[in-house]
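In the two complexes below, subunit A is the common chain; its partner is subunit B in one and subunit C in the other.
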Partner chain A sequence: MAPSQATHTPSLEKLVKSLKGQSLEASIEALIFLLKRRQVKGDECAQATAHILRQVVAKARWQDVDQLLSQIQSAGSRLARAAPHEPVIGNIVRRVLGLIRDERQATIPIRPSPAVLTSTAGLQVSKSMFNLLSVAEPDGSPMTGGSTPLSQATQPTSVHTLRSEVMDGIEEIMDEIGQADDQIASFADIQIHPGDFVLAYQPSKTVERFLIKAASRRRFTLFIAGLEPFTNGTSDAPYATLRKKLSAAGVNTISLSSNGLMAYIPRVNKVILGAKAVYQNGGLLVDSGCCIAAQVAHEYLKPVIALSPVYKFCPEDPSYDVSRGWLGNPSTYVSYGNGPEVDAIVVENTVTDYIPPELVDVYLTNLGPQTRHHIASILADHYKTEDLAFSMQLD
Partner chain B sequence: MSKQGGRGGAAAAKGKKSAKPGAGDKREDVLQAVILADSFQDRFKPFTLEKPRCLLPLVNVPIIEYTLEFLASNGVQEVFIYCGAHSEDVENYIQASPRWSPGSTISPFATLDFIRVSNANSVGDFLRDLDKRGLIAGDFILVHGDLVSNIQLDAVLAKHRARREQSSDNCMTMVLRSVGEQPHRAAKARGITPVFVVDSTTGRCLQYEETHPLQSDHYLTLDPSLLSHGEFEIRSDLVDCGIDICTPEVLALWSESFDYELPRKNFLHGVLKDWELNGKMIYAEILDDGYAARASNLQMYDCISRDVLERWTLPFVPDSNLLHGQTYRRVKGGSYMEDHVSVERGSKVAQSAVGKGTEIQAGSSISRSVIGRRCKIGKNVRIEDSYIWDDAVIGDGTSVVHSVIACSAVVGAGCRIPEGSLISYNVQIDNHIQLPPRPIPRISLLADEGKTAKTDPSLVGPTGKGASYQLPTFDEDSDDEEEGQRDPSILQSSLIYSLEALNLSTSSISTLASGAYDSEDNMSTASSLHAGEAGQTRSRVSSFTSDASSRGGFHNDAVHGLVDALRADDSEDFDSAKLEFMGLRLANNASDSAMRRAITVAFCRRAAELLDPQHGGLEPTKAAEKALTAKRNAVRFIKEVGVGGDEVTQQAEFALALQRALLGEREHQQHLELARAGTLLAAMLQQLYSLDVLEEDGILAWWGDKRASESEEMAKVKEKCRVLVEWLENADEEEDEEDEDEDEDSD
Partner chain C sequence: MATESNGAPLGAPALQDGTKSAPAPSNTPAVATSQEKLTPAQLKAKAKAEKAARRAQVKEARAAAASALPTAQAGGTGADAKGNKGKGKQDGQPGPGKGGQVQAHQSSVSGRRPSMPAVEKDARSGIPECFSHVPMAKRIQTSQAHKDVHPAVLAVGQQMATFGLKDSISRLQATMLAFRKVIESYETPKGNSLSRHFVPHVLNPQIEYLTECRPMCFAMGNAIRLLKAKVNKFDINTPEDEAKEELLEWIDYLLHERIALAEFVIARNAAQSINEGDTILTYGWHRLVEKTLIRAKKSGKTFGVTIIDDPYERGGQELAKRLRQVGIEVLYSPNLGGLRPKVAAASNVFLGGEAIFANGSLNAPSGTADVAMAAMNAGTKVIVLCETINFDRERVSVDALTYNEIDPERNTADNFRLLFDNTHDKYITGVITEFESGGGNSPAQAILALLRKQEDPLIA
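On to the complex of A and B.
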């Protein structure tokens, strides 16, 4: 009996619980405002988007695939525009759209063709026949890490079957999102070697998991840099649990302040960053401050490893907003109680940095390590060209 | 243990809302909130003549949107809105809103109800009505309809619940935001400084007082019982954002006290004062982070708008686009613009927000301002620190500085809108009008009580529309002219915090514990109110009447009561006046110095009146004698209540108060010259001496007191008493050898 447990603040968890009893429109709006109020942010956005799109598939009225696509597009673009600082939302929407397109192709009876090895071999013909508007160009291989459900021998024809197929596909995406961090961590012992000196700048959840996994296999030394300047005296609290776990595994951790970065970098073997998004040019959206670390590492020719699940790869170029950085609350740096400063200074607190592609050496995804040159094929594998500009469609 | 879910549980939760009120140990899963959407104040006039305050746009979003979004972000399920003035407007707005409309499926609230109260005159009436309705099942959040906040209340709610489970007497938690000790724009703008006495360990609020810069006694009277309480803090660095977490007992308390009107000044002060009687405890939760403020006056409106533009209120910033259909994006120069804004080349927009459909022509510069939708800004316009609401038109070459221009107002070309101007809806100002900087222009088409104002062509030009809007004067006593201006609300009714023009001290209350009076009395109130020149060197203005406003009119009522009693010809008796005075004193919890002042002012007024030819034109000695001794027991009253003791310091204070009071009288009675005032003072002091009210030591202490000659006028008046003082000193030396020859009426 702990009454203090009864929190009222809306959260993703509560939203997911309430999805069943709620109309679709209410769920979408609820998430939109959770996003706008920053009550769902960061990695949660991907899961939240998938949940809501699953609801759209389940509850919206649609008779054929085109209607479903436009329903997903409209809901998706509303979500994406609610949080332009979270590009992951758009990625998930594109993934779901691609999934539906795949399903549609699968539902068209395909005459037995010589190419039986891949179920999607006969696609291009049937697609152009089915939908004249869609661009009939090769999408690369639609085989993806997990987004394409197996097409069955018996062709689903009814809406009902399509619905359950798509929902299964979305659940697979959700599983992929859930497992991505673990999959990335499984590459830890390849990337980190005994005796390494590793620098992690503001470790995200993904990076933390990666480091803990690495610590179970390897002995290395970790520098944690970029502690937030004002965290009310509890400056190392955010990473305390990480450090405890690492030291239990026998990994030595050293905290660096940002200005000590330059001094330590010659000793460092590699720099590990967690990306919020990877753009098609290979640029990264990261927490603010990471760019300095990447820059310094680049100067000293140290490899920079960006950890990013595939769902964070965006098939678009960084916008002007991204390259300038999204703004947060100035109270991180100046207390609102400090009258003279509040009056005299306009504080712009950028909470994100953009790291240009030339500063990143390795992209470690849940599908394995990649270089910049592989990004195009990863994007081609996961997204359909029709969906690339989705957020600019519709109103 | 199954936790009742968020929104989805709403419908279900509504069904099981039948929780008995007052069932303290039952956990309430449904969070209720009450919005007070009318504050019964005039501070936003003339804008609130047409629209309620909560619908005024703050960075192009009606203020109530921030309040509702704040409640939604804290998971509130049931909302009750109390509307007063313009209640239809508020209801229509909410009904038309796609997000908040009660019938809407996307509303985050399970229910949203309007409650109208006919003949409500105060917040107190609302809350007493709420108590009668029995709608409140458990803890609820009480907020005002002008709140902007991004605070998450979970922790506070949990603490409140834990306390309530300890004891049902722990009935309320106030959420306060600390703004530090240094001068702060949010603290400056609030006008009245709330002072909370808070227990350091438990956070229990022990006493509540309000101070404001216009009062002359910058000190508080602490309840003596506090001293036995243990450790406590006296905080005046808090912004009271009006978020209260209440149990239904709070409403019962309101109902018990039918005359409480204001949630803080009356209710909180009263409940804490009568703690021994009601046993209720109120806690203060002081937050050091997060943002919370009420747009409770135009300066706060200004301050919050800037905070929103600077993102202190994140996530409630323009580019979150919380309002349906908004499309703000951040652009270069730290500005926010919606789609379809046309900014011609050569114009600059910095740190501003610009709404959809607005056109800004070439050569204009806009900084730190908010421009609404569909505005037309001409060429070479300069707009700084200003708030231009929707559909306004501003002609070429006009400059607007730190002003508010309301919806659909038209300002012609080549105009100058000076600092602090308030230009209301649909006003039209002709080309080439230079509005005068003083008095601060407030131009409106409407006057009070829905009347249309007659256009004043001398102000707005021959083809203009609108007239100067006069703020309602607050004084009920027409003879007491400065009263209205001295009310702290003057600080809150204009956009700029014009303390320069008011010439005030900035000393904080913390310095005041040391000395009782450190204020100088400046009598040239009328002139200094409009003095814009920086040449004014006086550090402060304080008047006797200013105390009245802080003490709930105590001073005013007391002085009137006493003067009437002194004037009365039919009765010789003074006892009833004394009784009335003591009653007033208890009712207002007046301090000794406030009483002393009221008494000295009353007697001085009477004495000065008697000098006036209309009232007999007596000589100063005779006037003093008549004023003091005409009524039986009046002298004893002065001795016991006014002076308050035999100690030298008390007597000196009384003499000082007398001196100040006489100078104050010159404001009312023009015939009273300075020299004559001095003579009268000497006569009164001598009279009091011979009546044994003041002793020589007291008068001599006053003579030696620096404060008695702190201004030129004070010194002049004092000088007139030199004869008396010298005589007293001689008498002192000769040790009563000779009898006072002027002792005419000793009894």
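On to the complex of A and C.
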């Protein structure tokens, strides 16, 4: 299974390479395919979405800002619908939408008719203080824009500048996504102290980067929990590269092949989790089993540190599906060889967990450590109120 | 014999005296130079030291000869132990022929048999330092067991080491049945009485062997304590046949009262606590939980069962199939993922355990504490089913690292697992035991108090 996957399954890199040659529609479909089969998941989703949206801006036919917005929205909601368990996609779409709205205000002053003016003004009032400040910026532009009223003649140039501006903006988002892990890792030695026993549950790439960075400055002991019992035989030991890097830095790692964590938590000083998403109430979407780590740590008053780049902060509340946990393929645990009994037994293999906000002590983002009381202002800084309803459009 | 066992400790200070006057490490020149200053007592000590050294040399030679034929060694020392009956510890004494590591190993197993130290070292060498105090079951070749170990006990020990006998009650049952065989084949040597001879010379080697195969469970500890008390109570003049007969009857009684009957009563009481339409959540597989659920179903109740399994044990899968066969609706979850919503949806959590300590905490398969904690936090009742033979009134455990075992299959830093965890009594609503008084659903502390009061009037 493993080798064939490596050769045949299209990965994110292949998709990105193929973007140039492909039509826009083919690229979108290719990513939808990958998302549905969960061949692109987790952190890759954000990067992939940004790539595709960039293609939309570059290749789609659009004449004005509203058309561009609706193009992005439709492409974005198709992607988001393909992977409802990856809220990061929606976040990136919202970020790009917000970016376009900012650019509209910066480049094309809107003053053709009083009716339009009042309608947009009405929207602006509903925005946060942050946006009021950013609106103040384009004050200079009415001088140029004011002399030439919105006309057919100026449209192509403004479309051109808007396109390049937006594409630059998306590049910036992609840079942010790329650098986020390193920025989070730079806080590692503040959080991890010499002699600590750190528990990491199924360390994601972000968590691995964080731990390796911590290991370069601190001597601690790492427990890796949440290993899948059935993947052990098929490939080399899980997290082998992480363990190798850590042991090179003099950090001991102990892989706990255990379901429960209560037995080990008295030893542990802090628990590090990688979030798949952070909701506006402060709740986390995480890998299955992670919640028990957080709960156990909370019981023993050990700090729970959730690592999450800002682009994973969702301006929405967890849905019922999220709080219940997404279900995955049960056949890894109960094979069909078990006979007719398996028909009668409901097997639930939960693949995600939801951690309620009260179990999380620190949200460590690329902007530094945050508490859940600060999440609202982070969200206000990064998303426009008009785009908050994006998730509603999915249904 | 007595001189030899005293020889080493007395000899050591005498040697120091010698080195004080002359720093030469060897014995004889020091004796020669300082001879006239020595008091008679010192002389005597010196002579003893020399004697000890000579014996050590002899032993060294013997060990060298034996190491050439490792299989013969077991027989040789076995014969040795026979020669000085009851002085088996002699091999554990520091002898120059054996390395320090061997001594350390032997003292830990009270030196009864020189089993392969190199292999054992390997088995434990991978254990991370912070868990290095936790014991682990190990396989001992039957040829390396002490020769006094009864064949039935040998078989039980092997099955325990390989986890063929896993939970506390089946281990207890097998042990007691094996001891039955030991008692049957026992004959008191001339000039001894059963009450004096049986426990130290026959029973203890069996117990030691079993402990070495896998640390004893608490039920075994309790039963053995009761058995020893029973033997000690015999009058020294009790005829052997009568005493044996009484012991065999006692073992049958214990198996019947504390295991079979207890199981029946617990299953009945627990089944009564299940209401129509309930959802019962359980973790992994436990005999009592299975019996309870099947009994409740047979009594005509309709209820659902959620099984949270341990992917490393997968006992829950078998339970799911068996429950399904009697027509119970089963929701099976292979791991602790999504535990919070599942415990919140359940009306009761039934858990089985290995032991309950004097502070009311439950020793149970790893993961049980997580389920109990999650359930308690979600406001779901947590009910533990446990026979009173599993109650340990002498020990307390506040965390899982006090009394635990390492999974012999997963004992390295790459892959590590503890077999048990410790559920604090604040996560347990009640314990159902075979005691009828107390409503069958009392906190562990109440049952412990009851146990203390009763002090097993029928059994001990």
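In this text, the second predicted complex is superposed on the first by the 314 of 395 C-alpha atoms of A that agree within 3 Å, B and C clash if a C-alpha of one lies under 4 Å from a C-alpha of the other, contacts with A are read in each partner's own complex, and residues count from 1 in each chain.
Here is the rule we use: a contact is a pair of C-beta atoms (placed from the backbone, for glycine too) under 8 Å apart; a residue touches a chain by one contact, two chains touch by 3 or more.
Everything numeric in this text was worked out from a predicted model, so none of it was measured.
Chemist: According to the stated criteria, A:K14 is in contact with first (subunit B), second (subunit C), both, or neither; which is it?
Modeler: A:K14 sits against subunit B, while subunit C stays out of touch.
Chemist: Mind working out whether A:H373 is in touch with subunit B, subunit C, both or neither, as first, second, both or neither?
Modeler: After superposition on chain A, A:H373 lies in contact with neither partner.
Chemist: Where does A:E348 make contact in the superposed view: on subunit B (first), on subunit C (second), on both, or on neither?
Modeler: both
Chemist: Applying the document's definition of touch, where does A:Q295 land relative to subunit B and subunit C: first, second, both, or neither?
Modeler: In the superposed model, A:Q295 contacts subunit C only, not subunit B.
Chemist: Tell me which partner A:P330 touches in the superposition: subunit B (first), subunit C (second), both or neither.
Modeler: Both subunit B and subunit C are touched by A:P330.
Chemist: For A:R38, is the partner it touches subunit B (first), subunit C (second), both, or none of the two (neither)?
Modeler: first
Chemist: Scan A:S255 for contacts with subunit B and subunit C and give back first, second, both or neither.
Modeler: It touches subunit C, and subunit B stays clear.
Chemist: Is A:E25 contacted by the first partner subunit B, the second partner subunit C, both or neither?
Modeler: First partner only.
Chemist: After overlaying the two complexes on chain A, where does the subunit B footprint on subunit A coincide with the subunit C footprint?
Modeler: Subunit A residues touching both partners: 330, 338, 346-349.
Chemist: What part of subunit A is in contact with subunit B in the complex they form?
Modeler: Answer in residue numbers: 1, 3-11, 14-15, 17-23, 25-26, 28-30, 33, 36-39, 82, 321, 327-331, 335-340, 342-343, 346-349.
Chemist: In the complex formed with subunit C, which residues of subunit A make contact?
Modeler: It comes out as residues 197, 221, 227-230, 232, 237, 243, 252-264, 266-267, 288-289, 291-292, 295-296, 299, 323-325, 330, 332-334, 338, 341, 344-351, 353-354.
Chemist: Taking the touch rule as given, give the residues of subunit C at its contact with subunit A in the complex, in rising order.
Modeler: Contacts found on subunit C: 128, 130, 309-312, 317, 320-321, 324-325, 329-341, 366-371, 373-374, 377, 399-401, 404, 407, 410, 413-418, 420-423.
Chemist: Within the complex, which stretch of subunit B touches subunit A?
Modeler: For subunit B paired with subunit A, touching residues are 1, 3-12, 27, 29, 31, 69, 72-76, 99, 105-106, 108, 152-154, 157-159, 161-162, 165, 177-180, 182-187, 237, 288-289, 291, 310-312, 314-315, 320-322, 329-330, 334, 351.
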